[in-house]
Amino acid sequence: MFYRENGQFKISYSKDQALLTISQDKFFIFALVAFSLLIVPFIASDYWLTAILIPFLVFTLAALGLNILTGYAGQLSLGTAAFMAVGAYAAYNFQIRVPNIPIIFSFIGGGLIAAAVGVLFGLPSLRIRGFYLAVATLAAQFFIPWLLIKVEWFSNYNPSGVITTPPVTFFGFIIDTPVSKYIFILVIVILLTILAKNLIRSKIGRSWMAVRDMDIAAEVIGIPIMKTKLIAFAVSSFYCGVAGAVYAFLYLGSVEPDGFNIDLSFRILFMIIIGGIGSVMGSYFGAAFITLLPILLENIIHFLAVALSITISSAVTSVLQLLIFGALIIFFLIVEPHGLARLWSILKEKLRLWPFPY
Amino acid sequence: MTFFLEVLIGGLLSGVMYSLVALGFVLIYKASGVFNFAQGAMVFFAALSFVGIQINFGLSFWPTLMVVIILMIIVGVLTEKFVLRPLVNQPQITLFMATIGLTFFLEGLAQLVWGTDVHPLDIGIEDAPIEFILDRFDMVISAFDLFAAIISGTLVVSLAIFFQVTKIGRALRAVADDHQAALSIGIPLKQIWAIVWSVAGFVALVAGLMWGSRNGVQFALTFVALKALPVLIIGGFDSVLGAILGGLIIGALEKLAEVYIGPMLGGGIEGWFAYVAALLFLLIRPEGMFGEKKIDRI
Amino acid sequence: MDKLLDIENISLSFGGIKALTDVSFDVYKNEIRAIIGPNGAGKSSMLNVINGVYKPQKGQVSFKGKYWENITPFKVANLGIARTFQNIALFKGMSVLDNIMTGRSLKMKSNLLEQALYFGKNKKEEILNRTKVEEIIDFLQIEHIRKTLVGKLPYGLQKRVELARALAAEPELLLLDEPMAGMNIEEKQDMCRFILDVNEHFKTTIVLIEHDMGVVMDISDRIVVLDYGLKIGDGSPQDIRDNQKVIDAYLGVG
Amino acid sequence: MHTEIGKTLNTFPKILKFRSENNSKNIAIREKYLGIWQQWTWNQVFKEVTYLACGLKEKGLSKGMNIAIVGENRPRLYWTISAAQSLGAVPVPIYQDSIASEMQYILQNADIQIAVVEDQEQVDKFLEVLNDDINLKCLIYDDPRGLENYKVEFLHDYEKIRQVGKKFHEANTNFFDNSINNTKPEDVSVILYTSGTTSKPKGVVHTHKSFLDIAIQDVLFDQFSEKDSVLSYLPMAWIGDHLFAHAQYLVAGYTLNCPESGETVINDMKEIGPTYYFAPPRVWENLLTQVMIRIEDASLLKRSLFKFFIKFAQSQGSKFDVNNKISLFNKILYFLGNILIYAPLKNVLGMSNLRIAYTGGAAIGPDLYKFYRSLGINLKQLYGQTETAAYVCKQETIGAEAEHVGKPLPGVEVKIADNKEILIKTPGIFKEYYKLPDEYSEAFDNNNFFKTGDAGFLDDMGNLKIIDRAKDVGTLLDNTLFAPQFLENKLKFFPYIKEAVCFGHKKDFVSCFINIDIDAVGNWAEKKGVGYSGYVDLSSKPEVAELVKDCISEVNKDLLKEKDLKGSVIKKFLVLPKELDADDDELTRTRKVRRNFINEKYKILIDALFSNIDNCDFETKVTFEDGRTGSLKANVKILDC
C-alpha cells in the first residue's frame, strides 16, 4: 500500500544486490534505527532499558549467531550458552590480563576464542549429521561450564567460578548508565547484523544454504562441505561469544558458569524457532518475543491474582512459563515453521501488491 | 581388584537403567523417525504423577501404577494426535524441535499439577549392600541397584520379545524400515505411532520409578534423559541391542572414570564424561555401534 | 579426436549387490555421449562413479589423460566436471539466481573478512560472477523467474535451472542424469535444443543418461548401452539401433 | 524543445547529431539486459549509429536503398533506423509476427537487399521465404544465439558489422558527418507497411519533413522534454511506435526504455515508471481485464474497498476538468481513495509517474476511458492514420471525453464529406504508396484532401467524433443509420467480450457475433463452478450465453439514448466457437475486423442469424500457434436478446 516502486530501476548489479533495494524499505529501516538511537534513550525508563531492551539486544546477537549455524547452515546446536560462556570468560581474561586493552578488542577477542572452541566442537559435524551432531553440541554444553569452574585461572581464582566484570570504558567514556550501555550494545548489534547480512548474500552464505538444502549437490558443484560447516560453526560461535561478552560486561555485570546452562541454550533456540529459522530479521523478532513473553505473563498472572484476590507463587508462574513456552514452540512449528519473520514478509508482499492478492 | 570389580558391576547395574531410558528413545525413533527429546520429560512426568497420585489420593502401589500407565498412554496418544500428525512430512529437525517444545510442556504441566517440591519415592527395596555378596566377595553391591537392574533387564528383554513376535512388533519393524511401504501394505501408521508412544511412556514410567526411588522425584530427573543421549550415540538411534549395550558401556565407563579419573580432574566429571566418551567413540565409528553405514542414493 | 574421459573396467557393488561389472568406455572432446539402459542397469551409478560420489571397487577413471586417485566429488568439480541429478537436487530455500550463483563457487576467491565487509575484492567478484550468471540466465531464457524461489517453480523450469547451475561452473564435461525425465513434448524439445546449443556454444562435452530413445538417437553422437551393470553395446545411434543384444534387452524390459 | 529543430535541424539524423553534441550526457536509451538496465547516453548512441552506418555502407547500403528491420524493440534495431536515415537510405520496419507470405510480399515489393533482424527466429523466417524475386545481399542479426553454425555466406553478426564500421569510420572520419549533412527534409525517411484491412499491405512512404512537422507539433502540444521517459513495447513497424520511439523521441530528446522480453513487459513498466505512455485501446482493455480478474480473487475487504472507491472516483469525474467543482468532503474522500486504491493501483500498473497517456488507432470504450481518467491518469485520445503520420487530432488535457478525439492539430484541416467520410489536409501527409501510383491518387479527393475512410463529424466545440469506417457505415432496411464498429466497441468494453462483429446493413435488424475473452470468462466460470474443457466448449455453454446476453442488453440500453442510432439495437447474437485470429486473416495485425473476409467465411452463420432457425452446424479451418492448421466443427446456438 505504501510502496511506490515505479522508477526504482537498477542500472548496476551493485545496486541490484544492495542490502535494501526498495527505497521505501530503506526509509523504514533508517527511520527505525534513528528512532532507537536518538529517541529511545530519552523516552525509555531505566527499567525498560535494563530489564527489556538490553537483554533483548544481547539475545538478538546470540540468536543471530545460532541462526547462522542452524538457520542458514542447517547444523542444529544445543550448546549456544556454552559458547556464550567462552566469549564472556575470554573477554574477561583479556580485560584483566592485557593491560589497558580497549574493550572492543576484548569483545572481539572473546568472539574469536569462542569461534575457535566452536570449531573444535564442530569437528564431529564432519563425520556426523543431524541428531548425532545435536547431541555432540550438548557435550560442549556440559563440558565447558565444568571446565570454567574447575580451572580457576579462568575466573581469576574465584572458587565458584564467578566473574565480576571491570567497568567498561570506551575512548575515555565510562559506560555504566543504562542509556550508555544500551546505545553501546545497539551499535554493536547493528554492525554485526550488517556483517551477517553481507556474509549471507556472499559466497559463504550461499554455500551455507546449499549445504543445508542438499549437501551432496553442494559438494558436486564444488562447495567444500567440511570447510563450509566449520566456518558456520566459527562465525556462529563468534557471534555467540560476543553476545556472551556483552551479556557479562553490559547486562549482568557478574556471571557464573552455571548461568550459561542448557536452559539458556534452549531459550535461544526457541528465539530462532519462533522468530524465524534462516532469517536475520527473525532473530530480532524471536529475541523480542522471548524477552517480552515472561514479563507479559507475569503481568497477566499478577493481574489475575489481584482480580481473583488469590496468591500465586512465583514457582507456579515459572512453571506456567515452561508450559506456555512448550505449547508455543509446538504451535509455531505446526502453524508457521518459518516463524514471525515469514509473517512479516507475507505482510510486506501484501503491501507491495495491494490492492491485489497476487 | 575387588574394588575395581565392585565399581565395574555398580556401573553396569546403573548402566542398565540408562539402557532403559535409551530404549524409550530408540522405540520412538525406529517407529516414527523422531528423536524424542521429551523422553526425559516423560520419565519425570511419570514419576511425579506417580508420587503425586500416591500422596494426594493415598492409593497403594499397584492401583497407582495402573492409573499412571493409563495416564502415560493418554499422553502418548495425544502427542501423536497433536504433535506428530500435524508435522508429518516435515523435516526431522522440525520434529526434534517440536519434542523439545513437548519437553517444556510436560515438565510445566507435571509441576503445575503436582507441585514443584521434591518427593521421596519408596518401592520397598532399600539401597543397602547385599549381605552375602559382601561376606563372600566383600564387594558392596547395592540390593536396590541389583533389583532395578533385574526389573529393567526383564522389561528390556520382554519388550524385545514383544517386538519380535507380536503382530504390532512386526508392523512396527516394517514401519521403521519404510513408512510409505508400510502404509501401502495397509499398516495403520497412526495407531502404530500411538502405540509406540504409549509403550515409550510405559518405559518412561518404569525408568521414572527406578530413578525416582533412588534420587527422589525431582526436576533433576529430566537430566537422566540427557545422560541417556550418549548411550544413543554409541548404540545408534535405531538399535535396541545398541541401546542396551551402550547403556552398560556408558554406565561402566562413567563409574570407572568417576573413581579413577575424577579425582585427578577435581571431580564432577560425571556431568560431561559420558558425552566426551561418546564423541571420541563417534570419531572412530560415525554410524554408531550397530547403525549400518548409509549410502546416499542420488 | 582426443579422449577427454576414459572409463576402464569399472566394477561397483553395494554390499554384495553388483551395480556395475567391468564397464569400460571413453568420451571424446566436445561430443554428446549417451548412456542408456533399462531401469537398474547401473546408469546413475556410472555417473556417480564419474563424479566421485561412489568409489568403484575395481577399475580406473582418467580425465584428460590423468588417472584419479582417492577422488571426491569436490575434487571432480575442481577438475571441471559438473552435473545435474535425476530427481532435481536444487537448493529449495534459495532463489533461482542464488542457486545458479552457487555454481560459481569455485571461481570466487575472496576471504571471509572481505565477504563480511562486502567490499573491494568480494564486491567485484560478486558483480563479475553475477554478470556471468546473467549470461547463462539469458542463454537458457529464464529471465522472468530470476528472483523466484526454485521451490515454487514448475518441474520443467526447475530442470532448466539445474542445468543453468551446472553451466555456471563453466565445466569441460557436463553430466546430465535424465535431463528430460517427466517432461512433456514441448519441454523435451526445448531441453534438446538447449543441450545442443550448450554443446555447440560453450563447446562443452556432454555425457547424458536418458530413457527416451527417440531423443537419445537424435542428439547423441555415440551411445553406451548398459544392462544389469554390464556394457552390452557401444557405438553410433545407428549401430545401437541394429545391435541385437540391445534390442533384446529392451524387449526383455518390454 | 530547441528552436533550431525544424529549421536548420530539418532531418532526424541532424537532430541526433545535435543531441549528441548538446545533451551528450543525458540518457538516450535503456534496455533491460542481463538483469539490469543497461543505458547509453546520446553521445554513445551517436557513436553506435556512426559505426553501424559505416558498417552498413561497407555492406553496400547507399542513398535511396531500402533496408528491412525485423524484431522486438531493441536498441540496435532503433539504431539501425537512424543509421539508415543518416546514409539517406530508407528503413522498412516489418511486424516481427508477420506470417511468411506477408514477409515475402514486403521483401519483394520493397526490393530489400539488406536486412537487420533480431535473432535466429527471424533469420530462419527470412531464409524460408527467400525466392528468385528477392535479392537479399546481406542479412544481419543482433543476437548470435544458435546461429554459430549457420553456413550462409550473406549472414553477418551485428558485432562484426559494427567493427567493420568502426574501422571504416576511423579511416575516413568525415564520411559520416558529410552523409548526415547531405540528408534533406524531402528525402524519404521511412516506409511503413499498413496491414490493409482488406487488401495486401501497402507501403506508406514518408519524408523527414512530413514526420518532423507532426512530431514538432505534438511535442509542443504536450510539452515533451528531456525529462520524459517512455517504454517502447509496441511493434516497431507500427506508425505509433515509429513516431514516439523515433520522431518524437529525437525531437523531444526523452529517454527510451526497451523491456527485457515479451513476458516481462508488465514488470519492466513497473520498474521504469514511464512519464509518457502510448497504447492502443486493446492494451488498456487487457490491463483493465487483468485488474478486474485479480481483484476478483482479492479478499472481501479489499474487493469492496476497490469497488467503492472506483465507483466514487468515476462519480466525481476527472480532476483535469477545471470547471468540475468537487465538494471538500469528496476531496477528502478522494484523497483517502488515493492512498488506499488509486495510487497503489497505479504503482502496480507502473503508472505512478505517468504525466501523459495516449490511446489511438481505434475507438475506446467510454467506461474504459473513464476508468483510467478517474484514477487521475491523464489518458487522452488522438486520431490519425499511417498516411497522415499518425496525428491529426489530439485531445486537450482539459475537456477530454471518450466520445470525441479532440481538435485538429495546428496546420491540419479537417472536412466531412457528404457520406460522413473524414477528409484531411495535413503537413504530415505521406509522399506516396510505394510503387502504387494509382492507389495513391485514389486516396485523395479532387481538392487534394486525403480520404481517411473513417466516418465521423465535428461537434459544435470543433472536436472530431468518429463513428466508424466510412464503407462499413450502412443503413437498415428502414434507413436507420447502422454503425457496426460503434456497437462493437461498446460490446468490447465488457471484460467478458474479446471481439464482436455486428451485421445489419440492408437487413431489417442488427445481430452480432461474439468472441468471449477466455481469461475473463474462464475465471468467471470457475467462480460459478461451470466446468469446461476449452475455448470451444466454454463458448457453447448456456450460462456463458446468458452472461453475453446481459452485456448486449446493457449496450442496447445505451443505444436508445443516442438519437440517430436508437434504431440499431441488437436483436440476435451468437457466441463464436472460434477466436477471430490474424493468422486466419480474420483480423488485421492491429486486430481490426476484416469484414468482407468474415462475411464470406461465416456466411452460413450470418444467414442463420437472420433466418428463424435457432441453431446451426458449422465447420471452419483454424491455424494453431505453431502454424499447423486443422478444422473445427461445432453446433452454434442462435440466441435472441
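In order of appearance the chains are A, B, C and D, and numbering begins at 1 in each one.
Convention: a contact is a pair of C-beta atoms (placed from the backbone, for glycine too) under 8 Å apart; a residue touches a chain by one contact, two chains touch by 3 or more.
All of these numbers come straight from a predicted model, not from anything done at the bench.
Visitor: Return the chains common to the contact lists of subunit B and subunit C.
Guide: A
Visitor: With contacts counted as defined, which of the two, A-C or A-D, has more C-beta pairs across the interface?
Guide: A-C
Visitor: Rounded to the nearest whole Å, what is the centre-to-centre distance of subunit A and subunit C, using the mean of the C-alpha atoms as each centre?
Guide: One centre to the other, that is 41 Å.
Visitor: How big is the gap, in whole Å, between where the Cα atoms of subunit A centre and where those of subunit D centre?
Guide: Comparing mean C-alpha positions, subunit D is 57 Å from subunit A.
Visitor: Just the number, please: Cα centre separation of subunit C and subunit D in whole Å.
Guide: 46
Visitor: Return the distance between the CA-based centres of subunit B and subunit D, expressed in whole Å.
Guide: Centre-to-centre distance between subunit B and subunit D: 77 Å.
Visitor: Give the residues of subunit B that touch two or more other chains, as numbers and ranges in rising order.
Guide: In subunit B, residues 296, 298 touch at least two other chains, as defined above.
Visitor: Which subunit D residues sit where two or more other chains touch them?
Guide: Answer for subunit D, listing residues that touch two or more other chains: 35.
Visitor: Could you pull out the residues of subunit A that touch at least 2 other chains?
Guide: 12-13, 16, 216-217
Visitor: Show me the residue ranges of subunit C that touch subunit A in the complex, using the header's touch definition.
Guide: 51, 53, 72-74, 76-78, 82-83, 85, 89-94, 98, 101-103, 105-106, 108, 110, 112, 115-118, 122-123, 125-127, 130-131, 165-166, 169
Visitor: Within the complex, which stretch of subunit C touches subunit D?
Guide: Interface residues on the subunit C side: 130-131, 134-135, 137-139, 141, 143-144, 146, 193, 197, 200-201.
Visitor: Taking the complex as given, what residues does subunit D use to touch subunit C?
Guide: Touching subunit C from subunit D are residues 33-35, 145-146, 148-149, 260-261, 263-264, 267.
Visitor: Touching residues of subunit D toward subunit A in the complex: what are they?
Guide: 30, 32, 35-39, 270-273, 291, 294-295, 297-299, 302, 305-306, 339-341, 343-348, 350-353
Visitor: In their shared complex, at which residues does subunit A touch subunit C?
Guide: Where subunit A meets subunit C, its residues are 12-14, 16-17, 195, 198-199, 201-207, 209-210, 212-214, 216-225, 231, 235, 278.
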